[in-house]
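Every chain is named by a letter (A, B, C, D, E and F) in the order it is written, and numbering of its residues begins at 1.
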Amino acid sequence: MSHFQLQQASHEPVVLQEVPFYKPAGNECTLFEVAYRQQLPLLIKGPTGCGKTRFIAHMAARLGRPLYTVSCHDDMTAADLTGRYLLKGGETVWVDGPLTQAVRTGGICYLDEIVEARKDVTVVLHPLTDDRRILPLERTGEILKAPDGFMLVVSYNPGYQNILKSLKPSTRQRFVSISFDFAPLEAEVEIVSSESGLPVAQCVPLVNLGKRLRALKEVDLEEVVSTRLLVYCAILIKNGLDPFQAAETALVEPLCDDLDVKEGLLELIRATYG
Amino acid sequence: MSHFQLQQASHEPVVLQEVPFYKPAGNECTLFEVAYRQQLPLLIKGPTGCGKTRFIAHMAARLGRPLYTVSCHDDMTAADLTGRYLLKGGETVWVDGPLTQAVRTGGICYLDEIVEARKDVTVVLHPLTDDRRILPLERTGEILKAPDGFMLVVSYNPGYQNILKSLKPSTRQRFVSISFDFAPLEAEVEIVSSESGLPVAQCVPLVNLGKRLRALKEVDLEEVVSTRLLVYCAILIKNGLDPFQAAETALVEPLCDDLDVKEGLLELIRATYG
Amino acid sequence: MSHFQLQQASHEPVVLQEVPFYKPAGNECTLFEVAYRQQLPLLIKGPTGCGKTRFIAHMAARLGRPLYTVSCHDDMTAADLTGRYLLKGGETVWVDGPLTQAVRTGGICYLDEIVEARKDVTVVLHPLTDDRRILPLERTGEILKAPDGFMLVVSYNPGYQNILKSLKPSTRQRFVSISFDFAPLEAEVEIVSSESGLPVAQCVPLVNLGKRLRALKEVDLEEVVSTRLLVYCAILIKNGLDPFQAAETALVEPLCDDLDVKEGLLELIRATYG
Amino acid sequence: MSHFQLQQASHEPVVLQEVPFYKPAGNECTLFEVAYRQQLPLLIKGPTGCGKTRFIAHMAARLGRPLYTVSCHDDMTAADLTGRYLLKGGETVWVDGPLTQAVRTGGICYLDEIVEARKDVTVVLHPLTDDRRILPLERTGEILKAPDGFMLVVSYNPGYQNILKSLKPSTRQRFVSISFDFAPLEAEVEIVSSESGLPVAQCVPLVNLGKRLRALKEVDLEEVVSTRLLVYCAILIKNGLDPFQAAETALVEPLCDDLDVKEGLLELIRATYG
Amino acid sequence: MSHFQLQQASHEPVVLQEVPFYKPAGNECTLFEVAYRQQLPLLIKGPTGCGKTRFIAHMAARLGRPLYTVSCHDDMTAADLTGRYLLKGGETVWVDGPLTQAVRTGGICYLDEIVEARKDVTVVLHPLTDDRRILPLERTGEILKAPDGFMLVVSYNPGYQNILKSLKPSTRQRFVSISFDFAPLEAEVEIVSSESGLPVAQCVPLVNLGKRLRALKEVDLEEVVSTRLLVYCAILIKNGLDPFQAAETALVEPLCDDLDVKEGLLELIRATYG
Amino acid sequence: MSHFQLQQASHEPVVLQEVPFYKPAGNECTLFEVAYRQQLPLLIKGPTGCGKTRFIAHMAARLGRPLYTVSCHDDMTAADLTGRYLLKGGETVWVDGPLTQAVRTGGICYLDEIVEARKDVTVVLHPLTDDRRILPLERTGEILKAPDGFMLVVSYNPGYQNILKSLKPSTRQRFVSISFDFAPLEAEVEIVSSESGLPVAQCVPLVNLGKRLRALKEVDLEEVVSTRLLVYCAILIKNGLDPFQAAETALVEPLCDDLDVKEGLLELIRATYG
């Protein structure tokens, strides 16, 4: 089920041999390529599990560029991105972080959930996202000039109503940006079937159920059923689990703890698998 | 009373010779095994002391996989899971954390009370819980690919009404999930008797008392009497303590400090042992 | 006045030759011994200075086990309990903390005021308090199995109304528990006289005064006069201080700063020594 | 698209050979030069992306001074500005920070978004901004006297309504100050065309659209369309993207997530490109 | 003006040759001596500058014990009291803190403003303040037994209404305690005259003024005029300053910034020196 | 424009050859000298830019004492004042901080904006400000006795209404204190003219304008126009800038961002230069 090769060493460019499967929903591939060629940083917005990570892996492979993915969080420091000195054999050795590696090798650096990062992390990106395209490494005294192949891609989920955390406007202003959403019915059925091995005929009611569960979003849930959870459910069904139980395990329990909310979701599921 | 062998060295797979006793309540064993075979991460929800840890030890032994258990807390760092450099003989040596050990040896990594962990800890799990199944070790420059035998299991207790702490929806979405609860009367009697050595006839009123005390939950207590406390009480009775005093020591004092609440609980106990 | 020998080295079991004086108030000695033999962790609750520390020293000596006492506070880290690497002669050397020493030597580890400890500290105790009875030392890669002689005892004072701090229910559930209170009149007179050397006849009015001062608790004081303070007062009287002044110095000033509250306490004292 | 040379080594003065294009809006160039010659520190206020950074690069090149740019943030420490000791080959080596480099080489040090910096950072600037013009390096024991060529320039965006963060009055009092705003229509058209390569005739409606979008500022947006985003949009159009889609990608998505606000902006865009 | 010898080395007992001048207000000297002989820890309460520090220096010299004084504050760590490892010549060397020095040499350790200290600091004192009289040094693995000469003295100012900070009742309960206040008129005149060299006749109106200023306490000031400030004022007068100006400089400006409050104080001063 | 020599090495006393220009407003020079001769610590209060720093530089030079100036801030640690160990050539070397240097060389240590400092910093000053006049260096085990030439001077601006930060009364009580304010008209004209080189005739209307702007203080500004800003304005005028523009740049923009407040200030300026 994995489309990824193992990246073993840090400084050699690693390019995926095989382009991961991705089904475009609009002209996002064209836009990505123009941004890449014109050296514009890209911001992708969209809900969890709608295929942002897959899309970027797909484009990186198509463009023949190594991909450096970083999941951001609020304890990540700038050094986690740029690198740090480590003590080896009594001597300090500088070890590049993923951002620095991407700049040195002319790769694509993808920062997932960028709004989770602290300000000092996002500020590191500033000189890379204006016409200077440089990465100053204060610790080593280097100022790296990004080669043509380097591209910065960031993403976040605007669905979270996180008042405390948001991308600074002065950072957002440095990116062109597109919004993602879940694939339409037919496309999502194709994805679920191809990822799980469950026949298309069995995937249609499942994806339809997913769409109906998502329509309940406003009611009680922090987040809706992702394509990934539909794939999980399909895998459980394919491996012999009762579809109702599979749906409870993959679509209800991961999303909520409240008994009343659970019951509401289970009712919808019973209409399909009851 | 211990079913565990001593794990002495870090990198050699350690597998339990003896499968710990576990009495299934439903099809949780099947679900665990499907999730294991299909490489889906698993989230288990349930109250303290209802047998989650025992269940996972049981399944790990049945599947012949080494088990790495980590109790999460809010001062745990990502390095506690993945590993760190230590200075030995003037040279820095990398020491794997339990998650990295589980990935390297193809074992089961169990993170107990995952909601207690900080965000940087849960984010480390992300690339292990999608189709990449990789663990990037930024400090060593390695990107580990999880072998087939690796499985990630996490748990938490949804009964805590912790507004400040909850699992990020984007993390929850990466797991299939099941809910646990205390065993039904007969099964719990069997467990308490088998763990304490107290005859079944004496365990029946004790477990019945436990069930009645749990029914008081809504009133005043943060948490209900666990199966573990019933076992403790049975051990005290078996060793000659007065049953009323044993129940006070094992079922009342550990749960509350308030005199009025204590009195309410003691009244129920008097009905059984007074 | 000290019943303690000097513990000089870390890893050799140290056992008190002389059993410290302790006057039981109920069956707490039996309960302690059953818990010790059955390897159940013990939680002791009670006000400051009522004799918890003395009781544990007494039982440790009776059972012939070395005692490791730790006063918990909110800046204590898990490493303060388990141990840490220190740099010695250019080489890092692991130094066991008191909990690890207790596990290695099969001793009793007593954590005083456990509610003051941070969560990462209490979580370290979890695998020692279920049927695994193990202490994983992530830093050294060891997983220690507690020998039969090892026992964990914790205590706290439920009288503090500390809303921010409390023992997690999932931690409390791992202990059998007993409540302590001040000794009854006759017993407390015996303790005060034996500790201070003041004749019993002079201790009776003093302990009676202490009991009356405690009865004022609800009014204005955070905590009541402890047995220790009564012993201090008796020592001052025995050494020639005026009893009224001794009581002011040992029973009033240590407990409050407010002039009105002081005056209230002094009035009671005048009734005895005025 | 980059006007910058790579600064490779830390201590040699680096001066831009080519003066970056800058179109003055008033007498800001004269004022900058007087402040430079008279050794007065300069504070520049203005919205994101209105050309502050470009202006300073332009002046630094015109005056033949090396430029050291630092993006401030609230995790930046004073040591990030002044320098620190690093361990190299078993010996600690002092490495100058950008401010120290600017003082040593007589360059211009530009601190972008100074209000984001912590107090200890701004206080480091005090002895450089009064008649002493010194930089005490407590760690090395040096007190550097700034040469004539040294100039300190700071900037911030007063549009952010950040109650928690503001420049201390005692710091502000040390600077002469000017306010920047977006260029007038004709000048902004010239900038957008020159930066993107899109013909002036196509830039006029785009810049007009930008001005109209900025006029909506009061309504819903944290920040308005910058000149930089207009340049991005022009680049997308020049590379064949549909102008409406280019505007959505470069002018709408980077500025907001709210569907209603987006719709309001898109309506204005449809009037131009619909 | 200094009564103190220089303590140069850490581990040799240092005893003052000359007993600093101290004028007793009551039986505090007797009480100190009884507490010292009976090994009871002592807590001294009183306003700033009323002579607590001087009293302790006096008693330490009288008893022939070295004195270790520590001003507590909320960034002080337990290691500041007990000691720490320092790297010297590639080897770590343990350096005792002042508390450890006092224990090793059998001296008096005086912790000034103990309420400012963090909890981990006060908890370090616990085993020294019960009948164990031990100081466990976890870092070195030592458990020091305090010799007979060791005494612990702490102080704080109950006048501060610091809601956030207070001594834990469980810590207070470990001390006998006395309250200090400013000396009565005649004694304070003697102190001020002896410290400043100003003739007694000139000190009388000054001390009277100080008493009147203190009587205003309830009105507007956080703290009242200390004996130390009266000494400062006397020194200024003796050196030729105008008494009104001396009082403004030594008694008004140090106590408040508010113009109205200042005027109120100055009015009282004019009545004496106007 | 600088009156300061470069202090190159740390431990040799550095004394200014030339006494910086200072125009006394009252008897502050006498008071400073008495405090210096009598070894009383001095606290100076007053608004930003009224000449406090200049006054102290003047007095230090007059008294022939080296001056150590420290700008305090809330991330400054006690070690920044006293010193720290640094690793050099594999050996740790102690490096004195500015306070320690002042004590060792018998110089004047000036702590600017002392209220910004943390409590652990101000507490370090306590033993230097009573009759002990010692500086205990816990890290080195030294207790330094201040020589006669040592003097401690601190300052702060009481105009800031910082509720969170204030000098502890127990610290304030250790200083004699004087209040500073802006110089009267004639004196300020002389200062502005002498610092900027602008003829007196042109300085008179400028300083008058400054006085009028200060009278607006109550209305909207956090702080008023300082003498320093008037000097800046005079420099801009002398170098050919239009006086109105010079005043906008030096007197308005540095003080506020609000458009309405700016307009109010500009109106006053137009009355002089319009």
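By our rule, a residue touches a chain if its C-beta (ideal position, glycine included) is under 8 Å from a C-beta of that chain, and two chains touch if they have at least 3 such contacts.
By chain, UniProt protein names: A, B, C, D, E, F = ATPase AAA.
A quick note: this is a predicted structure, and the numbers were derived from the prediction, not measured.
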Where subunit B and subunit E overlap in contact partners, by chain label: C
Count of contact steps on the shortest path from subunit B to subunit F: 3
Steps needed, at minimum, to go from subunit C to subunit F via contacts: 2
Angle of rotation relating subunit C to subunit D [CA atoms, steps of 5 degrees]: 180
Whole-Å separation of chain centres (CA-atom averages), subunit B against subunit D: 53
Per-residue multi-chain contacts in subunit A, two or more chains: 87, 90
Pairwise touch network: line, ring, star, complete, or other: ring
Ring path (origin subunit C; first step to subunit E): C, E, F, D, A, B
Residues of subunit B defined as touching subunit C within the complex: 1-4, 6-10, 48-49, 53, 69, 71-76, 80, 86-90, 95, 97-98, 112-113, 116, 157, 160, 195, 222-223, 226, 228-229, 232, 235-236, 239-241, 245, 249-250, 253-255, 257
In the complex, subunit A residues that touch subunit D: 27, 30-31, 34, 37-40, 43, 45, 77-78, 85, 87, 90-92, 118-120, 122-124, 126-127, 130-134, 136, 138-139, 141-145, 158, 169-170, 172-179
